[in-house]
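Can you read through this structure? Questions will come right after.
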Amino acid sequence: GCNSSSTSNEGEPDDSTDDNGTEETATGGQLVFGRGGDSTSLDPAATTEGEAFKVTVNLYETLINFGEQDTEIEEGLATEWSTSEDGLTHTLKLREGVKFHDGTDFNADAVVYNFERWKAGDKEQFYYYNSQFGDKIDSVTAVDEYTVEFKLNTPIAPFYKNLAMSPFGIASPTAIEEHGDNFFKNPVGTGPFKFKEWRENDRITIVKNEDYWQEGLPKLDEVIFRVIPENSARLNALATGEVDLIDGVNFSDKETIESNPELQVFERPSLNIGYLGLTSTRKPLDNKLVRQALNHAVNKQEIIDAFYAGAAEPAINPMPPVVAGYNPDVEDYEYDPEKAKELLAEAGYPDGFEMELWAMPVPRPYMPEGQKVAEALQKMFEEIGVKAKIVTYEWGTYLEKANAGEADTFLLGWTGDNGDADNFLYVLLDEDSIGSNNYSYYKNDEVHELLLKAQASSDQAERDELYKQAQVIIKDDAPWIPLVHSTPLLAGSANISNFLAHPTGSDLLSSVEIKN
Amino acid sequence: MAEVLLKVDNLKKYFPITGGIFGQKIGDVKAVDDVSFYVNKGETLGLVGESGCGKSTTGRVLMRLLEPTAGTVEFDGKDLTKLKAEEMRRMRKEIQMVFQDPFASLNPRHTVEKILEEPLIVHGIKDKDERKRRVKEMLEVVGLNSYHAKRYPHQFSGGQRQRIGIARALMTKPKLIIADEPVSALDVSIQSQVLNLLEDLQKEFQLTYIFIAHDLGVVKHISDRVGVMYLGRLVEITEAEKLYEKPLHPYTKALLASIPIPDPDLKQERELLKGDLPSPSDPPQGCAFHTRCSDCMEICKVTRPELVEVEPGHYAACHLYNK
Amino acid sequence: MLSYTIKRLLSLIPVLLGLTLIVFFMIRAIPGNPAQIILGQLATEEAVAELTKQLGLDQPWYTQFFLYLSDLFSGDLGQSLRTKSPINEEIWPFLAATAELALCAMLIAIVIGVNAGIISAWFQNSWFDYVAMVLALIGVSMPIFWLGLMEQWIFAINLEWLPTSGRENVRAPIDAVTNFYIIDTIIQGRFDQLWIVIKHLILPSAALATIPMAIIARITRSTMLEVMKSDFIRTARAKGLRMFWVVYKHSLKNAVIPILTIIGLQTGLLLGGAILTETIFSWPGIGRYIYEAINYRDYPVIQSGILVIAVIFVLINLIVDLLYAVIDPRIKYN
Amino acid sequence: MTQAPVLDVKELRTSFISSDGEIPAVDNISFAVNKGEILGIVGESGCGKSVTSLSIMKLIPQPPGKIVGGEILLNGEDLVPATEKRMRQIRGNDIAMIFQEPMTSLNPLFTIGNQLVEGIILHKKVSKKAAFKIGVEMLKLVGLPRAEQIMKEFPHQLSGGMRQRVMIAMALSCDPKLLIADEPTTALDVTIQAQILSLMKDLNKKLDTAIIMITHDLGVVAEVCQRVLVMYAGKVVEEASVSEIFKNPKHPYTIGLLQSVPDVREKKERLYSIPGNVPKPGTITTGCRFAARCDKVQERCLTEDPELYKQGDGHYVRCFLHASGGEI
Amino acid sequence: MELSTNNQLQRPLEPVEEKAVSPWLEAWRSFRNNKLAVLGTLIVLFFILLAIFAPLIAPEGINEQNFEKRLLAPSSEHWFGTDDFGRDIFSRVVHGARISLWVGFLAVTGSIVVGCLLGILAGYYGKWVDTIISRFFDILLAFPSILLAIAIVAVLGPSLKNALIAIAIINIPNFGRLIRSRVLSVKQEEYILAAKAVGMKNSRILFHHVMPNSIAPIIVQGTLAIATAIIEAAALGFLGLGAEAPNPEWGKMLTDSRAFLVQAPWTMIFPGLAIMLTVLGFNLMGDGLRDALDPKMKN
């Protein structure tokens, strides 16, 4: 297992520090956070995994922060920032007097060190850096001890939003050097909590950072992230008080939890889309009419009522409405099996056809019950004469095969990283993204042009307009059946207060309080 | 002199004992060790000896149900040990066997008819009615009824089963029958029925028997000549009368003396053999019997005595007569 | 005895080798390139090729296999692709968790199963016999995943007597030394925690114990019945021995070999078969460890995980074999 | 022989309950064993010899077996109603038993010493050490060499004859008044059988233990017994002293039996044989059970059940031919 | 003391009219008298009938989704309640019998065929053939079976068919070993020696003596194996590695309803009971068959 390398000064065994801690502070207390999977790395830059960020967001801080429950930008480790006219130079003023958990100072050199480290790595090592910034950052320099200057090759429209993403948490250069390859197991940041122990597939323990720069934070003494893979088992553990807070709550349990006075439900604002991809290179889905017909066949509200307990809204566009650039004027294909049949007949399939419908084997926030949604869809398609065979693989294979275009239709979804439209439309539907996140092999030159243009622009209004145009085209082409924007649920004991679920899925726990 | 049907020379059968780390051979069980004898046409040769002395093994090696380690078995002028598998298979028509355990030697899932028919099928009698007829005949011959044909072995008593076993052996009209303790598992009153049957059949079909038993009374009753085995070796062989009246080998003497006689007045003071039968995997040096022999001499501990003709037709393997 | 042990150990080599080979091939037959999986959906082709090379996956299979074997010989189980930790270290807590669960389950199964079997045989055709054997039959017919869920529903959720899942109270975690928490709490003198650990063990081990318990009870009963028919039992009774001694001394020792065989077999099966129970009770055990590794195409983990279980399984059977010789003087191993 | 018998069995009936109903394996058997006497019981397989002996020990497997009637008087005490506890005191102490199969009658997993000492400690209430000493003595008594060593050995290390000696030693270790030997030599070779028989005769003389010798070998009977019981299909068909049985057998079955044994002394041209098979128990319910195989069968044999008719001093026959007490 | 023969008054020595009683008939008689075995057979028959007449018994079918009727408790309309699709659980359980029985039967048949082939080869030819095949069995048996099944399904991809194949594979060594040991022990029997002595060819001995005497244990083992195969299929279904939606496979029904354990326990109770009962039925029947057929218990 992973031994605790407690950064506290006392060299005493863990339990004694632990006990002292609880006795000393009046607030404090311990929060056990039950979740579905373990982190694979605690070096946020080196991973793409949501489960990792859930922990690292509490260990590291980013230069810019998102809002408490939105993706607006706020002060983080940087207190002021400014952009040059041409949009190519960004200057950030850093917070003073912040220390890393290992006692070293946070300053401009540390920021530069981190960026250079990421820049030196390739896409495999530091995915988000390469996808969000990549070669577009020319240089990062320390102007003085607390000022950093970024020079870009081309403007990056969502530059600050990107900086606020969890992967760009600033780590202690000393610790990076010291731990080398094992840094991912020994995280050192400036965040409200310090890393204590990691037992793989079981739990990660983080403890209060006594020297945190924000007065009075964090409230908790200790947070334990505990792995309970099964959703219902996790809820059971919450109900019996073994854990205090859980994510991945089945929508179907919402009512039960709400009716229990000892529990409460938290809703995570939606920043996601769940959809059924229609691989447009595969027969007969290469026919637009067929794709539209399938769109007409789906009763989204029924799915939402049955599997989301109403905690979702039907998706019309490939991005959630909260994201700037959302086009509210696009109309959805209404649920109309007759129409669907007509379209099919028009496309040359009056008797329907057979196809595969791939269902995700794992619960995701945008689709906690992929298998069941698939079953419901299967039934709906049957109504219009399309026989869908439900197919599933383990998650790794699933993605790989879908990526290779082997699926006729497949369930999938996306949770936004930074709340920018680019992070949905370009990433998911641009032809550049075929082979990465464009699983449906959708290709439309017009859309491609619009998206590239939006990417290059730093005028938000112009960008919004471009994205709106793109959505209209995409709607007509129907490369997907956009299904839902879910409001993922969390649940906690009634003792918890001040917990705010963040749309990105990484929840900062510094102001959470618990009455024991 | 009568015609010799079977002649066995220097027959040996060793079973390997495996062991050690690699399961390699670490020794031999000399189940049959250099045995020679002959059987005349139409006679019964009895083989007696204590349990484990190699009687059954001898019987099986003769038919090549076990491959001999060494030696020759000449049957009707042919050396059986040299025959190819297929030739031997055909030859089995001529030599048949009756087994000791009437419960184990009949396939529990076959009807009597099937059991008896099989030898005919195997030896190429294709006509079904012909086979059926012969089965019926044979059942009558061994004292069963033709209505028994459809029944299964478990529906018969031990004695009846042994009759079925005998019938099976007779189906192919063999010349020689090796009977391996055919009556040991039977009760006295049934035993005599089977013995009588065997004798009747011998007369009727001019059969030759090798009759293996450990009951000296039975052997004497049925045999013309008797061979006595001890630890894989033949220690004495001669005509039955002679053997019982004037045994030569000390082991034979002791054996005869051990038989309880069903006559309360005849409570003779007998000489009991000391000790137990040594293990055939580690037989004593020299004469195998010397450890229990009351007449043991020095030479007995060193040299193995040969089977010699002490008197006409009376062979013994003992140094007492080896001059 | 020693030479027998050596002989048996040597004879394990082909089995283990074959096992390794089969696992090796099977893992490679699982669709999906591990390099791709590790790098995620967005990796470039060159990067995948690079990592493929780095992992040695481009080598011919026999080279890969022999490399793997030579690592195994030096006691190196390889490195997890996912966590990049040496499997030697990583696997232990999972193995220990499963072992603790399995041993606990086996203990329950043996104590109850053997005694129920003995008493059933002793009082053949009594009501106890009937009830015990019907229960045992239901036991062998029980889908344990269902039983586990029902247990959870009744005892953890409705009655709230026992915790629903996990090994410990995460609020006051146990400092793992051996990773056998019962032992850990005892050597650390934390007896309040010992109780908690035991409470966590009860439901999963009860679920896991069901089938072996039922099987052991049935085997015990039938072998005891057979043994109790034997001549030497009649001898013992003819001596005037108390039935208790006849049963527990003379009969049991003779019935022990088949019982032991089943116990060995079941213990081995539990180690790998605990995966369902582990899933239901969120037990951080080896079954789940391997199961998750399959999802991630973590070749080395799957390979070594299965191998470790198989080796343990084979070793348990070896121990059982050696125990035969201790119990039965007739089995002379030379 | 006016002395009170050690064991007096009166009208013992033992049945087995099966799906076909109640099958009497032992049907109204009466006999007595006197002190120091060797009583032989002969008969074909399945005629109820073992059931008789197990009934005396009350070791009939129950169910399906059951003693349904009669008395078993051991020194006047009726064992039929005796409790299991009382029986445990009697078994091995007052009545000891040895069995046919020396190979399987010893527990293979315990040392000879362990098994020998067990009974001694139980009945003689002595220390382990003392019991061990007695055990060694007993082994020496039955003529086993290196007794101390054998105490530490396991049954499989001994030959059949040695094991049977151990069984005898075990049986005699608590000075029983009665020893039941159920075919003790059937599984042994002739030479070993002779050793064991002579040992038993010696011990009988030396210790004055009464012995019930069950066998199917008439030679053995002639050799060791004083009195004989001939059983057929669960019933005693003839009882007499040994010399009477051999010189003057009366029951057709006894006669047939004696005639069908091939004799080493003289060669008969043809053996006599009793036709037919031993009936399965329970199949014959009326008349004399031997009637089907008897060549002297009369009308009434098929309908009436003959009684044991007294034929003079201690000679009883269950045959209508001798109903008047005369001879043919 | 002379003995005359030929007495008129002989009672028949045996009843002539006694019928031929084949060992099978004998086994059937003893099976019939075994109450538990009969009970087991009735249970199995019951489920077989359910499977055959499923469309008549439960005409509602397996996939009548009706979201208005989600998670209804058992009632006269829906005996076992409804699931989260509003589907009638009774209908699904009834149709599920088809899948479970079919999987159990096919998987076991498959392993019997392959296992027997290998087992006969090993037992009959001995030497290196035996060594190789036995080692192969040893290796397969050294895997914990469920893990092996999971791995096989991982290789083949999760589906009912592949689950069936995986179950068949993991059961092969059981049958292989059984047959091998049967062949070896039958080979030792005296009646085989007798057959050889008669001059029978090996192939004939194999087919006329060894095989018929091995059928009984295969039937017994096969019945019991169907029981385990049903559980194994359900376990794979439970792990999401078995039947595809909307097949009402019992194990899959259990996982699908795990979330409703508290809210709607009937969604779990009935499929679980169905598995248990079917398996119990096969186990009882197998036990009964063992008692009736295994020659060791006879005599």
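All chains are identified by letter, namely A, B, C, D and E, in their written order; residue positions are counted from 1 within each chain.
Everything below uses one rule, namely that a residue touches a chain if its C-beta (ideal position, glycine included) is under 8 Å from a C-beta of that chain, and two chains touch if they have at least 3 such contacts.
Heads up on the chains, UniProt names are B = ABC transporter ATP-binding protein; C, E = Peptide ABC transporter permease; D = Dipeptide/oligopeptide/nickel ABC transporter ATP-binding protein.
Remember, predicted model here, so these are calculated numbers, not experimental data.
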For this session: Name, by label, each chain that touches both members of the pair subunit A and subunit E.
Result: C
Seminar exercise, completed: When B-D and C-D are ranked by contacting C-beta pairs, first place goes to B-D
Exercise. Which one of the chains is farthest from subunit D, going by Cα centres?
Worked result: A
Problem set entry | Distance from subunit D to subunit A - Cα centre to Cα centre, in angstrom | 90
Problem set entry | Rounded Å distance, subunit C centre to subunit D centre (Cα mean) | 53
Exercise. How far is the middle of subunit A from the middle of subunit C, if each middle is the mean of its Cα atoms, in Å?
Worked result: 39
Exercise. Distance from the CA centroid of subunit D to that of subunit E, rounded to the nearest Å?
Worked result: 49
For this session: Give the residues of subunit A that touch two or more other chains, as numbers and ranges in rising order.
Result: 230, 236, 239, 393-394, 397
Exercise. Counting only residues that touch at least 2 other chains, which ones in subunit E make the list?
Worked result: 154, 157, 258, 261-262
Exercise. Of all the residues in subunit D, which ones touch at least 2 other chains?
Worked result: 256, 272, 275, 277
Problem set entry | In the complex, subunit C residues that touch subunit A | 30-33, 36-37, 39-44, 47, 51, 82-85, 89-90, 92-94, 152, 156-157, 160, 163-166, 169-171, 173, 175-176, 179, 279-282, 284, 288-289, 292, 294-297
Exercise. Quick one: in the complex, what on subunit C touches subunit D?
Worked result: 125, 229-243, 250, 253-254, 327-330
Exercise. How about subunit D: which of its residues touch subunit B in the complex?
Worked result: 44-45, 159-162, 189-195, 197-198, 216-223, 242-243, 246, 256-258, 260-265, 267-268, 270-275, 277-278
For this session: Spell out the part of subunit A that touches subunit E in their complex, as residue ranges.
Result: 230-232, 236, 239, 250, 252-253, 256, 302, 305-307, 359, 361, 371-372, 374-376, 378-379, 389-394, 397
Seminar exercise, completed: Within the complex, subunit C is touched by subunit D residues 54, 57, 59, 61, 63, 84, 87-93, 96-97, 99, 101, 104-110, 115, 118-119, 122-123, 154, 156, 167, 170
